[in-house]
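Below: one structure, written as structure tokens.
We just call them A, B and C in the order they show up, numbering each chain from 1.
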Amino acid sequence: MKSKTSENDAFVTFDRVQKSYDGLSLVVKDLNLSMPRGEFLTMLGPSGSGKTTCLMMLAGFETATHGDIMLDGTSINNIPPHKRGIGMVFQNYALFPHMTVAENLAFPLEVRKIGKSEREAKVKRALEMVQMGDFGGRRPAQLSGGQQQRVALARALVFEAELVLMDEPLGALDKQLREHMQFEIKRIAENLGITVVYVTHDQTEALTMSDRVAVFNDGRIQQLAPPAELYESPQNSFVAQFIGENNTLDGLVKEISNGMALVQLDDGKMINCNPVNVTKAGERTRVSIRPERVEFSKDRMEPGAHTLTAEVLEFIYMGDMFRTRLRVAGNDNFIVKTRNAPNQVQLEPGAHVEIGWLPSDCRALDA
Amino acid sequence: MSYTNEDGAMLTADGQPLKRSLATALRRQKIRALLLISPLLIFVLITFLFPIGSMLFRSVENHIVAEILPDTVVALATWDGKSGELPDESIYAAFAGDIQRAAITKSHTRVGLRLNYEKSGSASLFKKTARQAKKWDLETDAPFKEKLIAAHKGWGEVEIWQTLKTHSSRYTAGYFLNAVDMRKTQDGPEFQPENRQILIKLFQRTLIMSLLITLACITLGYPVAWLLANLPRRQSNLLMILVLLPFWTSLLVRTSAWKVMLQQQGVINDILVALGMVEETGRLIMINNQFGTIVAMTHILLPFMILPMYSVMQTIQPTYLQAAKSLGATNWTAFWRVYFPQSVPGIGAGSILVFILSIGYYITPEIVGGNKGVFISNRIAYHIFQSMNWGLAAALGTILLAIVLILYWAYDKVVGIDNVKLGG
Amino acid sequence: MKFTKTVLVTVALSLSTGLASAGAHEEMTIVSWGGAYSKSQLKAYHEPYTAMTGVTIINDESAGTAVAKLRAMKEAGNLTWDVVDVEAGPAMQLCDEGLAMEIDHDTMLAAAPDGTPASEDFGSFIVSPCFIPQIVYSYTVGYRNDMVGSTPPTSICAIFDTETYPGKRSLKKGALSNMEWALLCDGVAKADIYPMLETAEGQDQALAKLDTIKDDVIWWSAGADTPQLLADGEVVMGSTFNGRLFALIEEQKQPVSMLWDGQIYDLDGWIIPTGLSPERQARALDYVKFATDTQRLADQSKWISYGPTRASSAPLVDKHAELGIAMAPHMPTDPANSNNTFLMNYAFWADYKDDVESKFQAWLAK
């Protein structure tokens, strides 16, 4: 692996990239992105958001309608996929069914005219890396989904690509295996120091694996940030909604002062919020509060914080957590998550409670 | 376990042996399944197995001589054909009786025709003789040796008697011998005279030309199947209609259209002459020969190649090619190492279909094949429709069937029939 | 419900039409040669007969393989033909084999208008007890005027002269006519041809002569083939029936001429297969009686240039029904056309057809 001397230089750059299939509408609208060497970046978004198209443009299977894609400082727009030297893991693995596992792995080495003994050594090493050393003679059809996944990963890595693209590689696995593989992929990527662009629509996967996550919607990156920042400080309603669980309350901005916005909810109540995406009074806003940041007991709230009256609609016991559904300011779907602690109250449906939160956790976003 | 008897066999809850109970339950399902397929089963039996059985039987059946000339056949048993001497009067007398009875029932032509397959001239010999024999009085007109020889000098030659004796058995391998250019003689099988050896050559020609047609179909059909599998739906549907169009046109119309295209004053020659690529006097001969047969049959059989190829290619996901390219393969390598091997089952299925169909084809070669472009099936048709030599036709058909089965078996051994895919 | 009803109605309808066609009007299948010849029969015989009796006539064009098919039908026990148009030789063959019924010409066929019994009116054309004569025709060669240069052929042997007349020629895919011409052009005297063809040596000699042009021949099996090939300019010359050439030259105005040399006379007529049910046989006889009366035979010659076989029809031969030209000069029997003719030996072909044909076909397949 190359040294990380140029860590802060952009390794992969999208510069004002646009993509249209029909000449009428854009699938990718003005994409700008740059990632340093060794980063694990995830493109997250609902289907049709343009994330896979971006990946395909990077791999060379789609051409950008406008803009430049640069790899290590040079534009690769006109370089055919087989000369880009980018490893890729496909959603359905795309293991060649007529070849054995070892032959699959040897394929990229063969087309690079690497000698037989070196080839075999590399194949062996790659298989061992994914703990598939004993499976070289099998056909892909004789492997389980997880095993195929490992082989596909090994194949993308065997020719020592510096950049590896993964298109929903774990989508076909069951939950437990998926979680295990997330860890594996992360570990291998770190060990090899490779740069990874990872596409998924699973936010947990994105949050657990990535250095940074690019949230896609409607052909644009809505937010590009490390997982914690993405969760804690979503920049707009879409991101807030898409990442993690989220309660929303609609209202009107009354006043913005001292880094605090006063929002009048639709039922007339006033609350203090953190003005993230609102700039002036009179704007409609959607207020976002994470379910685990809602408090029932006054003593845990900041002094002077607004409280709202809520009616308990449902109480769900979830083992480690309690999940309480409330009606708050006309929203019947206001969820509060509380840890199953010894002194935690278990609310009965029908009860009326006061709820509150830190104003910094209550984010006024675009409506 | 409480539900077992003393032998340890499993029992059901009410004490029945589990095996019997299962069999009863399954039998009902089996009977229902059998009833559902029974119309097809009966149909196949009547229209497929029975005719094939009847064909196999006809290829060895040989009752005509024994049936029409019974006394002669019995009498000839005592005659040694290898002695080179004519039979004695008793045999001539037996024959005179037989031929007279045959002449009255007008069945003499059948035996004449039968022997004519073996010895040219027998048909006229029997016709001429029967005309005389009708007038004889079997009691008073003896001896018949002179009378028969007088009726036709053929009866004075030992050869006709040897032929009669050789082909008097009720079952014969003679038709199969004929089918491979041999014939049954009193000294055992031997090759036909050189000028009657045509069938082996025809078999060879049939196989070679069918192979060429199959190769032509692969070459032309592969790109089309690829387009069908990879074009956007709307375009591929249109293309599919074009591929299927020939199916909706009469075979004769299609073949005749090729006549118009390929003949010397035809469309292709006209175009070549107009372009100055061919001299007016040097117009190409593209029909009534092997070329014409190959072109017309390739066209007719092409859909049978394209459809299985298409259905296999449809299942090859485009990501395989993308994967190959991302691994560093050029377009060609990606195709040749990754796509092509996966499409081979389709080629195999298409080839089997086209090859088997083409070695049994006869209408198209008949119309555009001239003399040199006809197949063994045209000979079979000739023997069924014209010469009435159904025994030989059946033997040829049986051999053709055997060739198909052997090829099928060989394919199974080499490629594996499980690899043949006609659909997803 | 609706679907079931539709199905039931459809079944009922198709059943009723099926029954109706079987019962209400009668049908008979007549086998002939197709093309201009079938048209002449349609105009002269079928249409007036249907108008008179209401019997529908189905025209089957497989006369070329009539002997084999009748043999096959007998073998299979399923006779679908009622009346069959065949040449004299095959008629004799079918008679010998008991596949054609014997006819009493005087009682079963119409007498001439002046009362002459049919057997006298047809005279020597009744070559077999089963044969009901119809026409005299000939195997004749036609050639493209524009492909023979300045020396149009005058002799039948132009077929074998590929030097003077290069190009393809179409010949019948069968022994009859080709074997005779081969020996004739190999220098055999006319009278010796049939005796020679009875021997293996004579047959081989004829085939050897045909060998010299084998690669230049397109073999035809349908009467319409040669006219089509001539019209397309695919062949320089070709043999066919003289009536077909007449239609090609006079009706379609193609640049083709007819060679009245060495043409082989043959007869064509009806036979009725044996084994018909009494009703079908009666109907077949009724048709044949109508179709071979003096007027009908003369009528046919208005449509095609074949000579009627009744003496009493000859004076009635008139002009072509549509072209208006006199038909007599186009008849193979016209004296101007008969300078060097060749009379077919029907009896030879009846006896030797199977021998010679199998040999010819084997030669052809080589």
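As a working rule, a contact is a pair of C-beta atoms (placed from the backbone, for glycine too) under 8 Å apart; a residue touches a chain by one contact, two chains touch by 3 or more.
Bear in mind that the values here come from a model prediction, so they are computed numbers and not experimental data.
Student: Looking at every pair of chains, which has the largest contact count?
Tutor: B-C
Student: Tell me, please, which chain's centre (mean of its C-alpha atoms) is farthest from the centre of chain B?
Tutor: For chain B, the chain whose C-alpha mean is farthest off is A.
Student: Just give me the whole-number Å value for how far the CA centre of chain A lies from that of chain B.
Tutor: About 66 Å separates the centre of chain A from that of chain B.
Student: Where the centres are mean C-alpha positions, what is the separation of chain A from chain C, in Å?
Tutor: 88
Student: How far is the middle of chain B from the middle of chain C, if each middle is the mean of its Cα atoms, in Å?
Tutor: Those two chain centres are 32 Å apart.
Student: What residues on chain B touch chain A, complex-wise?
Tutor: 317, 319-320, 322-331, 333-334, 337-338, 341-342
Student: Where on chain B is chain C touching in the complex?
Tutor: 105-107, 109-110, 112-113, 116-117, 120-124, 127-128, 195-196, 198, 201-202, 263-266, 288, 370-371, 374, 379, 382, 384-388, 390
Student: Quick one: which bits of chain A touch chain B in the complex? Just the residue numbers, please.
Tutor: Its residues touching chain B are 59-61, 80-88, 90-92, 94, 96-98, 107-108, 111-112, 155-156, 159, 165.
Student: Can you name the residues of chain C that touch chain B in the complex?
Tutor: 65, 68-69, 71-72, 75, 93, 96-98, 168, 198, 200, 214, 217-219, 232-234, 350-355, 357-359, 361-366
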